[in-house]
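Down below are the structures I want you to see.
Look at the two complexes coming up: chain A is in both, with chain B in one and chain C in the other.
Now for the complex of A and B:
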C-alpha cells in the first residue's frame, strides 16, 4: 500500500523514491531543536487541514444528511446513497463518464505514443511538429472550448456543417444530437490531450538506453520485435502514469460538458446525453442546492476513482515485483 | 535516438496522416483568429468564408454601435464597464501569480522539513499528504464553498486565493528533489551558524530551482485555467477571472450566434499571453508537464 501510493504519482520507477522517513541515519539529528522546523511546517499543515482534510471528511458527513444550504443538516443515514442508486440521471452520468474515460484514455495513449514515435526526433522539424500538437495543452482551456462551441454550431454557418454540405450531406446539430454527445466530448478532449501525452512518451522514449536497440539489431530483431520487446515494456512506468492520471482526470471532466452542452435549464445537454458525474454533482449541489445529495455523488466519484487507481496499479505491476 | 524503432519509410508518405492530424489541431486556432476579424454579416454567412473577406475590428470595438439599431453588435470592449475586459486579465494574473508564489513558498518549506527532519509523526504527515493526492478535488468543493460562504468570502479575492494554497502534490514533488541536496552541505551551513529558515531559503531552494520552476509552471497553468472554483464563488464581473468571463461569454453563444464575433475576439486576446509565456518558457513548460512521470 505504501509503495502503491508512491508509485501513483512518482511511478517512473519505484527505486527512485526513497521513503527516507523511516530509514537513513537520522539518529544523530534527533536531539536537535525542532521548534523552527515545525513552525515552517505549520502554514502548510493549517491550509491542508482547512481546505483538503476537513472538506473531505465534512463532505462524507454531509452525504449522510439532507443539507440544503439553508436549514440545519438533518442526519438521514444512507438515504442519499439509496436514492442515488435508484436515480436514472446518476446512471446516465455514470455511463456517459465511463464511456468518456475509456475512449479518452485509450485514444490519448495510442495517439500520444504514435506521435512520440513519429515526431520524437531532435530535428527542428520534429520540434515544430511537437509544438503544434502540444499547443492545446498550453493555449487551451476555456478560450478554446468557446471556439469549439462555435465550430460545432448546428446551423449551416458552422464550419463543420459547411464541409458536410460540400459533400452533399445534410447539416448535423452536433451538440444537439444525443447519440453524438459523448463522441463530441471525446473529440474535444483527445484534441486537447494527445499532445501532453506525446510529450510524456517522448521523455519516456529518451530514457530507454540506445544500447538495447543496438544489441537487439545485432541479434537480428525486426523493428516490430524491438517495439514489442524493448520499447513497450520499458515504457511501462510512463504508460502506467498516463493511464492513472488520465483516468483520474477524465473522471473529473467538467469544463467540456458544462460549456459545450450546458444550457439554461439543463447542465447535461439534450436528454442528459452529455451529463457527467461532476456536472451532475454541480447540478445537484449548486443548481438545486441539494448539498447532501451532491456530497453523496462526490463520494461515489471518490470511491470509483480510488478503486480504479488501485486496479491500475495492480495491473501495471511488473511481473518480477509480484513474486517478491 | 527515439526514431530507432521506426522504419525509414515512415519519413515520407506514412507521415502524411499525422500532418493532416496536425492541421486539425491547428484549425480551431485559425478559426478563432479569422472569426475574430469577420464583420457581422460575414460571420453568420452560410457557407462560411474560409478566408476573411472584409477584415474588421468591430468585434473588439464597434464605433457605430447603437442599441436602437437591430443589425449591430456590441464590440467586446463596449460590453463591460469600468476597467472592462482588461480587468479579467488583471484578476487572472493576480490570482495565478499569488497562488503560485505563495503555495510554492509554503510547500517548499514543508517539503524541506519533511525531507530533512525526522520528528514524531513525520511519517504519518508524509503518508497523509501522499494519500490525499488520490482524492478527486471535487470532493472538497461543497464544504469549501460553505466555508467561503460562512467567512463571507463569496465575491471576494480571498475565495480565489486562499483555498488553493495547499498543494499536496507540490510538497511531494519538492520532497523528492530536496532529498537530493547533500546533508553534508546543510550540516556545514548549520555549523557556520545558519538557522533553519536561512538554510531552506538560501541553500536548499537555489539548489532545487529546476524542480521549483517545473512546479511553478504546473501550478500556474492549473490556476490560469481554473474554471469550476471561480464559477462557484464569484458571481460578479469585478472579481471574475478570464476563464469565468469567457465561460459566461460562451454561454451567450447558445442564445445569439451573432455574439460569435466578440467572443472570438475575446478568446483570441485570452490566448495571446499564454502563447507568449509558452514561447518564453518552453523548456520549463515541458518539464512542468512531465513532472511526476519521470523521477524528480
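Now for the complex of A and C:
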C-alpha cells in the first residue's frame, strides 16, 4: 500500500515538472527534456560500448572464425561449435564444472545459512566468529592459494598430511589423485566463500520482523516450524541472490584450478581431472592461440549460465506471482 | 639477469636506453601474444624455446634469417646443435635466438647413496631402478622427477634414450608410438607405479634432498642449492642422466630464446643488442651475476658454458649432459600436442592403460595437429 502511494506521488511530481517546462510542441518538449540526461549518460555509454558491448559482440563474431590474434580472422561458420561439441576435453571440463557448481552453491548456501543462524547475534563472541569466518573472503586470492598448495602437498611436510601422520595414517597425494581433484577445488572454494554468504544471510535474517516469530511462538509453533514457515520463505530474495551470483561465480572459476593443478602442458591437472570451462577457454585462447574456438567456449558458457539464471529466477519467484 | 647485458650494452652505446619489464612465466605467453596482436609493446622479448617459431609463423616476430643474415649465420654456427634444432624451423628460418639453457640432470646426495649401498650416480636404467630399491630398503622414499613429473617433458629423456622421438626428422608424422616410444613409456610409468616416484603437482626436489626423503632425483640444472639451501652445501652434486638401452643419456634441453617483435620501430638497434649477447665478456658477466643469486646461467654456446663457476665434478657433469641433450620438437602443432602426449602418459600411470594404445591415440592427435 505504501509503495503505491510513493509511485503516485512521484508520477504527480514528474507531471508538475513537465507542466512547468513551457508550452512548446510535445515532441520538442520531450527532446529538450532528454538532452541533459542523455549528455550526462554519454561518458558511461561510451565506456560501456567500448569495453563491454563491443568486446561481447566481437567475441560472438570471432566464435564463427579461425583467429590467432595476429592474422586476420577467417570466417568458418559454425565449425568451432561443431568441433567443440565433438571435443571430449570440452565435455570433461563441462562435467567437472557442473559438479563444482552444484557442490559449491549447495554447500555455500547451507553452510552460510547455518553460520548466520549460529553467529547472527549481537554478542561479542558472535561478532568475533563472524569476523573469523569472513576473513578468507577478504584475504588475497593468490596468496591464499599458495597456502592451500602447501596445506595439500602430497609430501609429509604438507600440513594436512602432517596431521594425518600424527594419527599414524599414510600421506595422501591430495592434488595428484584425479578422483579427489574436484573435491579439493570445492573445499577451497567453499572455505573462501561461506563467510561472505554468512554475512548476506545475517542481513537477510535481521530484516525479518521479530513480531512474526513472537506471534508464531504464541500460536505454539516449534522452532523447526518457525524456521521452515517464517525464516526460509522470508529469506527467499537473499537466497535467490546468493544462488544466482554463486552459480555465475562458480561457473567462472579459474584461479583455483589454474594455480593448484596447472602443469607444464596442461591446465587441468592429472588426466584433466580439474579442468574447468574457463581454464579450458584460457588454454585454447591464450595457450594455443585459438581465439575463435575460445570465443565459442565463452558463448556456450554464457548460454548455460543464462539459462540457469532464468530457471533460478523462475523457481525463486514468490508463489503468488509465479501462479499469475 | 638480462640487466647485466643491457648495462654493458648501454655503456658501449650511451645513446641507447632500455626499459626492462619482468613478467611471471605463467603469464608471459599470453602477454606476449597480446602484444603481438595489438602490435605494441616491447621491442625485444625473451620466452620459451618454442615461442620464436610459434610467434614467427604468425608474423609476430622478425625473421632473423631474412633480415639479419649475419646474426643468423653466427647463431647457427656457434650454438649447441641440440638447442638449434628446437629454435630453427624445418625450412631453416630463425625467429628468435637461444638466450640461456637449462638441462635435465640427476641431483644426488652422495652421502646418503653410499650409506644405502648405492655406488655413485646411476649410469644406466637398471642401475637407477636397483638404486631406488636399495634406497627404499634403507628407509628413504626413493626417486623424484621434479621437472615434468607425469608429463611429456619428464618422459622426453627416456624416449630419446630408448632411441625414439616425437616426430620423424622431416616433421611429416608422429613417431612417439614406435616400439622405442612404448618401451620408454613402460619404463617411465614404472618409476611411478613400481618404484613409487611421487605424483604431485608441485614436487620439491631440493626439499627432498635436504631432508633425505629423496636422495636422488631429476630436475633442471638452473639451481645452485649451495646458496638456496646452505645446510646442503657440499653434500649434493650433479650427474648426467642414466643411459637407456641405446647407450644414449639424452636429456631435455630447455631454456629461453630472445627475439625482436615484428612491430618494433628499433629493429636494427635490437638486432645489434642481440648480437652483443654472443660476446664472451657479456656471457661471463651473466654467468657471474646469476651465480650470486643462486642460479646457473648456462649460455647456449659450449665454449661459453665452460666459463661456469661450478665445482669441478658438477661442471664436468653439466658439460657432459649438454653434449647429449635435445630441445622440444620444432614441428607444426607441437605446442598443442604436448597435452595429448601428457594425457597418454597419465593414462598409463594412473589408469594402467596399455602404453601402445595410449601412444597410438596421442600420435593420431599429433598427426591431426601437424596438418593444421
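What we mean here is this: the second predicted complex is superposed on the first by the 286 of 324 C-alpha atoms of A that agree within 3 Å, B and C clash if a C-alpha of one lies under 4 Å from a C-alpha of the other, contacts with A are read in each partner's own complex, and residues count from 1 in each chain.
Keep this in mind: a contact is a pair of C-beta atoms (placed from the backbone, for glycine too) under 8 Å apart; a residue touches a chain by one contact, two chains touch by 3 or more.
The model shown is predicted, which means the values in this text are computed figures rather than measured ones.
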item	value
Partners on chain A (chain B, chain C) - clash or fit	clash
Partner touching more residues of chain A, whether chain B or chain C	B
Touched partner set for A:149, first chain B, second chain C, both or neither	both
Partner chain in contact with A:202 - chain B first, chain C second, else both or neither	first
Chain B versus chain C as contact partner of A:173, first or second or both or neither	second
Partner chain(s) touched by A:94 [first = chain B, second = chain C, both, neither]	neither
Chain B versus chain C as contact partner of A:252, first or second or both or neither	first
Touching partner for A:270 - first (chain B), second (chain C), both, neither	second
Which of chain B and chain C A:288 touches, first, second, both or neither	second
Partner chain in contact with A:120 - chain B first, chain C second, else both or neither	first
Touched partner set for A:238, first chain B, second chain C, both or neither	first
Identified clashing stretch of chain C versus chain B [171-179, 225-233 or 315-323]	225-233
Chain C-contacting residues of chain A that also contact chain B	69, 149, 153, 155-157, 262-264, 282, 286
Chain B residues within the chain A interface of the complex	1-7, 10, 15, 18, 21-22, 24-29, 31-32, 35, 43-48, 106-107, 109-110, 112-115, 117-119, 122-123, 125-147, 162-166, 168-169, 171-172, 176, 179, 195-197, 200, 221, 224-225, 227-228, 232, 242-244, 246-247, 249-251, 253-254, 257, 260, 263-264, 266-267, 270-271, 274-275, 277-278, 282, 285-286, 289-290, 292-296
Touch list for chain A against partner chain B, complex	2, 5-6, 8-13, 16-18, 20-22, 26, 29-30, 32, 34, 36-38, 40-41, 43-45, 47-48, 50-56, 58-59, 62, 69, 111, 114-122, 129, 131-151, 153, 155-159, 162, 165-166, 191, 195-196, 199-200, 202-207, 210, 213, 223, 226-227, 230-231, 237-238, 241-242, 245, 248, 251-252, 254-255, 258-259, 262-264, 278, 281-282, 285-286, 291, 294-295, 298-299, 301-302, 305-306, 309
Chain A-facing residues of chain C, complex	26, 29-30, 33-34, 36-37, 54-55, 58-60, 148, 150-153, 198-202, 204, 207-208, 211, 213, 335-336, 338-339, 341-343, 346-347, 350-351
Touching residues on chain A, where the partner in the complex is chain C	68-71, 149, 153-157, 173, 175-178, 260-266, 269-272, 282-283, 286-289
